[in-house]
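Shared between the two complexes below is subunit A, which has subunit B as its partner in the first and subunit C in the second.
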Partner chain A sequence: MNADPKKSSDVTNEAEPTAAMTAMPVWLVALMVTLLFLSAWYFDLYGGWFEPKVFSPYVSVADVQRFQPKTGGIAETVARGKKLFSDNCAVCHMETGVGNPANGCPPLVDSEWVKSPTATRMVMLISKGLSGPITVNGKVWNSGVMLAVGDSLPGSEAEKAEKIAAIATYVRFQFGKIAVETKPAQVEAIRASIKDRTANFTAEELLKAEP
Partner chain B sequence: MKSSNTIFLAAFIALSASWAGFVLVPQIQLGRADQAKTIPAEDKYPLARAGLAAQGAEVYRSLGCVYCHSQQVGQQGVKVEVLLLDAGTNASSTLAAIAKVHPELNKPETITGLPKEIAYVADIAASDALVKAVTAVGGKVEVNVIPTGSDISRGWGKRRTVAQDYIFDHVVQPGTRRAGPDLANVGSRLADLNWQLNHLYAPKSMVKDSTMPAYRILFEKRKIGKVASADALKLTGDSAPPPGFEIVPTDKARELVAYLLSLRSDAPLFESPVTPPPAAAPATNTVAAK
Partner chain C sequence: MTATSPTTPSKIDSSCRLPLFTLFSGAAVWLVLSSVFGLAASMTFHKPDMFADCAMFSYGRAYPAWSHLLVYGFAIPSGLGVGLWLLARLGRVEVAKPLLIAVGAKLWHLGVMVGFVAIVNGQTSGYEWFELPRYAAMILFLSFMLMAIWVFVTYSRRTETALYPSQWFTLASLFWFPWIFSTATLLLQIFPVRGVVQSSVAWWFAGNLLNVWLTLSGLAATFYLLPKLTNRPLQSHYLALFVFWTVLIFGTWTGIPMHSPLPAWMSTLSSAAAVMMIVPMLALASIVFLTTIGAKTACGGGSLCFSKFGVLSFNLATLAAAIAACPAVARVTDFTWFTHGHTTLRLYGFFAMTMFAAIYHILPRVTGVEICPRRTKSHFWLALIGTLLLAVPMMIGGIKQGLKLADVSAPFLDSTKATMLGFRIGTLGEVLIAIGALIFLANVLLSILSHYRAIAKIAIADATAIQTAEVKL
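Entry: the complex of A and B
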């Protein structure tokens, strides 16, 4: 061991450690205050103040609120159509649109009748009802009759058209995955062309109206 | 130990502060969370898993799927798209109104071939001026809120996942690693029962470069009896069984697939708005109906 005598004497000359209290350095206090300030500032900007409904990238409830779908347009029509569907259609077609084989009621979910390019035949069908055989998703349904639900809705002709439009919009949106709004004016035009009819439609007549 | 009281107090404060932050505050925030309503259809969300899907959650857990698959979709930002649906009766004044806000769109193509996107901006306030200007002259617009982010551009979801998505998960399995793709929306991305079964039996037969191990333990290889099973997998190539044999999914495979098909975190909620809303969930459970 060739220890440098000078170095070893340096070590021994070092002060003994003590356990006494010493004042915290001022720079450390300043650093902590700065960090605390910056973190509080960041939290205020992006933290959402512990709101359970606020997730990034939104920063406040007001911010999330601004991005909500505007009332009016398809959102509102779908919500209204859902209520009308529950009141008038769900008793046979079920809330989930799966139909009810027990009373001869075909399903709406993914049905080619629901997915038709325009709502023309759906409006005709809702207005005047349907009897006779109808093929839905490759299966023939022949035991049930659909009543003229549209004609028996309460209200004036304009109100009926508005309600049928909402139901058609909801059914196409929910069960056909088609996000296109059916307009009351469109429904009124279709209903005007079939207003003298009293009998139910048949599937062939509907297909002729809208292939 | 003359300062033992101080040490105890300091440790107590430190531990209770973290307990308050990680347990107490989240419990106060979300502990009583219940079904919420989707927007705009006002369906209840989420629905509790039942039957096969509930058992499948346990199979998912026991097989350790969570070690390679996450169930959480991230979102970095949000964009607002303004679609011009109808230029109105006076198309030239509509074009002028658009051009006032976006001069670069001052050309006749802007108002032909509708619906057409006329703005794609980061803030909804920026789209408001345009919407106001166009509707004032009789034009019709649609405003779509589109979440953005790397997970969303991979097609793993339409929006970020939020606490509401997990309230009926008794063991929440959001995952920590992504050796495989995220599964938060696998039920809407890959809704085909047979695809899922074939993929579990032989992943490479469905996804060429898959690194997922084959879960053959979930299937039974057996001799074809008098009549071949209707449930037997239709397999070709390397994964096909030898002649005279068939591969039939066990109950566990059916449960796991029912669970996978039930994974859909895409209902539009208040806390994560997205328009147009994704198509509604299929009302029939194809697995249960089988």
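Entry: the complex of A and C
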């Protein structure tokens, strides 16, 4: 390297560059406008119009709502019934509905009592309890007594009916694979017909009410 | 410095000397250190327990150290230095307060070092491209302001009032960085926003840093060097203006990946903006084509070669980013090594190459000493091959990885294995880039050193002459 400061031919040419004032090509502007139009179209299709609730891959509020679980239908009743079942029934019948043979509690899973055509038998049974022998899935259960859980639920008669309806819906849905909602009005009618009874039902009485 | 006594290019170059020496030498040192950490991070893929007993080089620290040193250590100081020289030369004005700018540059390098030490000690902020902790970010912000104010004052004292495109780009970069950096520091580090908003701020910052700031600063140099080195006028003023506004308008929206966990409008706008970046890309390509077509200048591994490869890489990286923003492609490439591939191409291929071009053009003028063309040429080929070996296999590996990830029947490990060939070639690229960075460091330091040696020689000669004169008397 040369120690003396020296200028090469490149360094000596120190004129600064200039910019030509040639006109702008039109095709670039046309391309930009076209791309802007396509971008706006794309945003309209996928952007969800600044809606904070819409995340990719959904494209609009309507699209998001289409994938939400329906409210007010059987799902909601099942969810409420599940909670009530845990609080009032699961202590004997277990959360999974398999029953507890040691305490004489029969299973609910696939039980013919759960899968009855209407929920009449079940509503009567929940309301007033059961004593005496009962055959479930071919096995005779005779050692336990079910208390009048339905009657002892807190709240007014209408609230009791609503809660029993939810429990019955859940039990039939979960353990009997029957997706039919038991309506509170239906429960109220059944309970009105048995309101003066104080003793537990027996299995024969229930079969007589709903064969 | 007044308008009545017009200054000469060599006077302007002398006034730049102190700040440029500080900015460029620091940038070169950080670039070497960054490539060492990049190499360490890359080695982890071949032998995961290689640095098992050395926390500093473990992947979680080496990768952030690499990106921190590359962007804050190398890219910003070199971009700022080149911008300062451009504003002084094009405005035909000597630098205002070179000493204060040099102090700001020292402070900046101190901030980079503080951030680097914190990162290798495990104090990363965890945001990609914004890895430094709060205290380091504050030092960087203050030192940038200190430098930017005097760079701006230099510009405002210009004696040549007609503006050249490079000046717009440099000025915009002076304002853009404080805006995005202070926003990121405030919203991520000082008053952190909550939840996923953090990642949207971090992505916005990274997009603006990589797609706007680097573009502004790099194109300022490109638009100066190409016409200057080919000795032809820039074609044209209006196209450059078009590039300027489209980069600012569309670039600032980029950065948010298609499948980010954010409301759909954010990623949709961001990917539309990435596609819109094709417009400035094509405008830049036409500028370069129209300016250099038919020019008889041989590039010979010097500044012109670096600058041309920079433009090519910018176009390839922008095109890759635009393609990856299309929904069908993003489904495969999002969150794979593909993104890293085209970002690397932008950083090493476009920005670093353009800065090498500018620094190899500026340093001989500032020092008065030529840089050995053979060392420049070997740096060019190492950097070019290294960048291509790093970026291209990474992009291909990313696509293979994305296809395996999308295939439900393929086990997860297959998606990682699919990138292995990319890593093997990529590590080779990192080695070449590191050797190139060492040559760059040698070029910069030897150039500065020879300047002072020359000055010392003149001083000794003067002293001897005076002595001889006294003896004669």
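Things worth noting here:
Throughout what follows, the second predicted complex is superposed on the first by the 146 of 211 C-alpha atoms of A that agree within 3 Å, B and C clash if a C-alpha of one lies under 4 Å from a C-alpha of the other, contacts with A are read in each partner's own complex, and residues count from 1 in each chain.
The working rule: a contact is a pair of C-beta atoms (placed from the backbone, for glycine too) under 8 Å apart; a residue touches a chain by one contact, two chains touch by 3 or more.
Values in this document were obtained by computation on a predicted structure and should not be read as measured data.
By the touch criterion stated above, A:Pro211 is placed in contact with neither subunit B nor subunit C.
In the superposition on chain A, A:Gly138 contacts neither subunit B nor subunit C. Of the two partner chains placed by superposition, only subunit C is touched by A:Trp49; subunit B is not. Within the superposed three-chain model, A:Ala23 lies in touch with subunit C and out of touch with subunit B [touch as defined at top].
In the superposition on chain A, A:Gln68 makes contact with subunit B only, while subunit C stays out of contact range. Partner contacting the larger number of subunit A residues, of subunit B and subunit C: C. Look at A:Phe173: by the touch rule set out above, it reaches subunit B but stays clear of subunit C. By the touch criterion stated above, A:Glu14 is placed in contact with subunit C alone, subunit B being left untouched.
When the two structures are aligned on the shared chain, A:Pro154 is found in touch with neither subunit B nor subunit C.
Residues 50, 52-56, 58 of subunit A lie in contact with subunit B in one complex and with subunit C in the other. The touching residues of subunit A, counted against subunit B in their complex, run 50, 52-58, 64, 66-70, 73-76, 78-79, 82, 96-98, 107, 109-110, 173-175, 177, 179. Within the complex formed with subunit A, the residues of subunit B that make contact are 25, 29-30, 33, 39-42, 75-78, 80, 124-125, 142-143, 145, 160, 162-163, 268, 270-273, 275-277, 279-280, 282-284.
Per the touch definition, subunit C reaches subunit A in the complex via residues 9, 89-90, 160, 164-165, 224, 227-228, 231, 233-240, 242, 246, 258-265, 267-269, 272-273, 275-276, 278-279, 282-283, 286, 290, 327, 364-365, 367-370, 372, 446, 450-451, 453-454, 457. Contact residues on subunit A toward subunit C in their complex (touch as defined above): 1-8, 10-11, 13-14, 16-25, 28, 31-32, 35-36, 39, 42-43, 46-56, 58-59.
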